[in-house]
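Below: the structure, in structure tokens.
Chain IDs A, B, C and D follow the sequence of writing; residue 1 opens each chain.
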Amino acid sequence: MPLPIGDVIGLMVDNLKKRKTVFPIPRKRAIEWANGLNIPEGGKTVIYTGSMYQLLPYMIAAVKNMELIEDSFLGKFVFMGRFFNRMFNVSAFVSMPKKADVKRYKQIVYNIAKLLKKAGVEFGYLYKKELYSGTLAYDLGVDDAFSLQAKRVYELLKENGVSTVITVDPHTTNMMRSVYPTIIDGYDIEVKSYLEVLAAIDDFQPIHSVEKEITVHDSCVYARYESVIDEPRQLLKRAGYTIKEPKDNKALTHCCGGPIESIFPKMSHTIGKNRVQQLKDATNGGAVATMCPICMASLKKASGDGLEIEDISSFLVKAFCD
Amino acid sequence: MTKVNPDFIKKVATSEEFNATACINCGVCTAVCPMDVELLPRKLFRYALLGLEGKVLENTNVIYQCLLCKMCEENCTADVHIAENVRFLRSYISKEVFKL
Amino acid sequence: MEKGSGTAGEQSPPRVLVFSTVFISDVGIDLAGSSHMHYPPSSIAIPLPCSSGIKPEWILYALQHGFDGVFIAADGTDCPFVPDCTDRTAKIVDDGQKLLEENNIEPERLKMAAVCSVCAEPFVKHMKNFQESLKKLRPTQGAD
Amino acid sequence: MSERRIGVYICHCGGNISDFVEVEKVRDAIENEEGVTVAKTTMFACSDAAQQEMINDIHEHKLDGLVVASCSPTLHTFTFRGVAERAGLNPYQYVQVNVREQCSWAHTDLKEQATEKAIYMVKAGIAKVRLTHPLKKTRIDTVPRTLVIGAGISGLRAAIAHSDLGISAFVIEKSDRIGGWVSEFGKMYPHNRLGSDLITELSEEIKKRENIHIYTEAEILTKSGSVGDFDVKIKVKNEEISLNVGSIIVATGFASYQPYEGEYAYGTDGVLTLPDFKELIDNSKGEIIYQGKPVKNVTYIYCVGSRDSSGEKGHTYCSRYCCNAAIHASLIANDVSSELNQFHIYRDIRTYGKYELLYREALQKGAVFIKFDEASPPRVEKSNGRFNVQVKDVLTFGEEIEIESDLVVLVTAMEPRENKAMNDVLKLPVSLDGFFKEIHPKLRPVETVIDGVLIAGTSQAPRNSAESVAMSLAATSKSASLLMKGYVELEPLIAMVNEDTCVWCGKCSEACPYSAIEKISSGEKEIAAINTAQCKGCGCCVPVCPENALTIKGYTDEQIRAMIDAMEVLL
């Protein structure tokens, strides 16, 4: 028996409305990736994480719990969680992330910022003020909650004088670049993915030589929603990697299964496995590069230990940074 | 036997945000869908267009199973905004059923 | 040349001369062909303006010169020339059958039916039935 | 050896003939026939190149006879007569042999026998040509007047178009008013003008003209004479009037299919035919009210009386106009009441061309289209004053759906009008569908086998008013090109008298349906003489002559015997 959809969504929506994020995590956890980078607070151009990478370890843990109760009688009691969640941060209790996961996802955002710095991009960060983009609420069709969140984000950017946003994941890119303008009148924020920013800087050249075959796993959202297809390839190529393409790629990329993980964990896993097979068929001892935290989590889970899967930024820092 | 609900047609099928009338029923969307669920998305949209609210709600699970990955949309010959339509059905259910 | 009938075991199909009409029955026969309806290829049509203009002598001549039967695909009531075409053609058939009898040819070898401009199916049926009934008759008397 | 020099061309017709008849074998079999000078096969005998080749051969080999073995003579007799004429060969020394419709297509199952049959047919054609003589056409002066039968939009428009060209038109209309169906229509697509306004406009235009005469409650009684010069008797109310016209335009329109009792609950209040529904909405303002109750849901059932593959109750053909008409009506209904819920239960939507815009508009306005299969038609039941329409939707692979409706509209077929009395006079061929039949749907779309009698509008096939008017103008241009030339040339394939053997018994004259045979004196005796303008070449006089003195040119005793002889060969 699948989980009661309405209640699972309700849990997330309640969180979004009350705690401004779907999976509430301690604020300091969300910003600790920036330690040691000396990124100024605020500024006209800011890096915007939307907490996507930082949330992932918590989501992985939460889904694990859901998976356990998906087929058990406990599934019926999810609504009770929703009821208590209004008073206590239930999801934070039930989902204790693995330390290794926290570290891995923190490192990715750190790497991205490092790449931007190395390329000479000047940017700030909103630290504790930064908000979740609301993407999950949007996907689940909870329009009121989403639009509330979108407006919060826009107000935040305006209050801090931000005019350009550099995003680090496809979902936040899509929300801030393509969806917000449809619900916010006069929306005037320029939004670019860090991959687009880096690819456009011709002077940004590698300092270490790398030799490896990398299979590119396009994110559905980057490839089909935002047409970010060439940039990751350009950067990998510039870095010196040999690019491999899986059977379904670019605009016809195969989904990792991640988007439905919070409601249909098992089905999501099957989709992930199908994709992993395609990636394995293309990869011959090399690695797979993802560019979305959800893709990475789904594929890692589906592949077990059989395949090296890393965020594209991890491969890029090896060539471009010291 | 499922009853047609004209109000549902007014709220969903003819809503500007739901554009499945352009569908030519070719079925490519269903063929390329990684979910491999017969109902997604062609038949589901057909239910919506016909005003079969009962059938749509009966399949709430399937509506949330969509990955919104847009593989179908990329291959759609009739330019149906499939992902947006699915999202619209979810938003309908969120409001009308889950009361969110 | 000789007629190939009479070879033991395999009798060649009866040859039928069809007198058709340019505006009506020939059009019906055309339709049978356009619709790829099959009838025995040993039926061949000579189109005339109107079935009321057929000479009984021609019928006798055909039966004496290699044909086993003559079928008049008459205009019937569709005739663009004369409203009483059926009666006129029927008289020709009467006269023709008398002429055949005088010449020791079975009158059954002459048959008439109205075939309209869309009578594709009836025509095919007539051809098949007429061929069958001709097979039951002895070989043509007057054949060379 | 014959002194004749005949060219024989055997057509592949792409593969229509050559796929089933070995044309080379046919050529080989006939090339040594007596009189054959040229024997060729050709891919498309009707192509310009092939025609030119024939002309060159006629010149080069001084040919005096031409045989083309190809398709039905109905299609290309005039084409190849033209070829002969252009090459200086008398067109009546040409014979077309129908090895397609009457051979290759009819015997696709027996290739060998089809080839043999084709050989006989071509040999017969050669035998016939061998006995041809040059013939001349008869010239008849035409009268610049036309008779239009039917005063609907097609007939009225044809009358005005004739008048524009200086040709007088007599319009006869069976009913007591002009305008036909269109005069009863409300808003029409795409201009949204009222049908009744269109008819008023035509009628005003006609009033201004002196050379158009309209007779209502009028019927045709008799017709004699020939193309260019018909004598017609008409009955107007109780009066008989004689008219002399050069052409006749038949624009008698269509009838609307009447569903049988119980067909989709027809006969129950609230089940309407499309014409009834149009009347209802044309007279509605602000809200559609049926029998005192407001209408909220309307369900249309398409193809009622059309596309019945069994042909038992309805017609087998598609009525073509109805998808457009029903959708257009539904949009007008939507204009009257935008709150209306409309359900279209269809088999295939055939809103061709610009009518597709109507379909789109209907979709945009929220109409629901449900596709059904002929094998499981919708069921209509009435309960508590409303209809419950049940249908299996093909596009959801047979989902059973129930629609509550206040009205059920049966989108009914167009069918041929009952015209027996008229057609007893005109003798026009009728197609399998019951509509009047043209000589050729593409090449001669408004002409009938009766020279000078043209068909227009829905008397010929189901079509909408725009298409009907287009056909009526096509018929007008055909009629006018005939009448404005001042004369027509009649086929010379008519009767002739053997003056030596004729002894004037008068039997031929009695047999002639056209009063074309008269007694004349020739030297010491009386003989029969043929009036070449009256004779139609039917041949009715031929078998009645006790002296064998009559014959039809092109169908002489010698020719028929020669054709039979040519086919008298081993099977």
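Heads up, the rule we're going with is that a residue touches a chain if its C-beta (ideal position, glycine included) is under 8 Å from a C-beta of that chain, and two chains touch if they have at least 3 such contacts.
Just so it is clear, the model here is predicted, and its values are computed rather than measured.
A.B. asks: Per the centroid of Cα atoms for each chain, what is the distance between subunit B and subunit C, given in Å?
C.D. replies: Taking the mean C-alpha position of each chain, the two centres sit 66 Å apart.
A.B. asks: With chain centres defined as C-alpha means, what is the inter-centre distance between subunit A and subunit C in Å?
C.D. replies: Once rounded, the distance between the two centres reads 87 Å.
A.B. asks: Go ahead and note the Å separation of the Cα centroids belonging to subunit A and subunit B.
C.D. replies: 27
A.B. asks: Indicate which of the five shapes (line, ring, star, complete, other) describes how the chains touch one another.
C.D. replies: The chain contacts form an open line.
A.B. asks: Go through the chains and record each pair that touches.
C.D. replies: In this structure, the chains touch in these pairs: A-B, B-D, C-D.
A.B. asks: Across the complex, what residues on subunit C touch subunit D?
C.D. replies: Residues 1-5, 12-13, 15, 17, 22-24, 26-27, 29-34, 36-39, 41-42, 44-50, 52-58, 61-62, 65-67, 78-83, 88, 92, 95, 116-118, 144.
A.B. asks: In their complex, what parts of subunit B are in touch with subunit A?
C.D. replies: Against subunit A, subunit B makes touches at 34-35, 60-61, 64-71, 73-75, 87-95, 97-98, 100.
A.B. asks: What residues on subunit D touch subunit B, complex-wise?
C.D. replies: Subunit D residues touching subunit B: 296-297, 341, 343, 363-366, 368, 370, 390, 393, 395-397, 399-404.
A.B. asks: Can you name the residues of subunit A that touch subunit B in the complex?
C.D. replies: 2, 5-6, 9-10, 13, 138-145, 220, 224-225, 251-255, 257-260, 263-264, 267, 271, 274-275
A.B. asks: Can you list the subunit B residues touching subunit D in their complex?
C.D. replies: 1-4, 6, 9-10, 13-14, 21, 25, 43, 46-47, 49-52, 55
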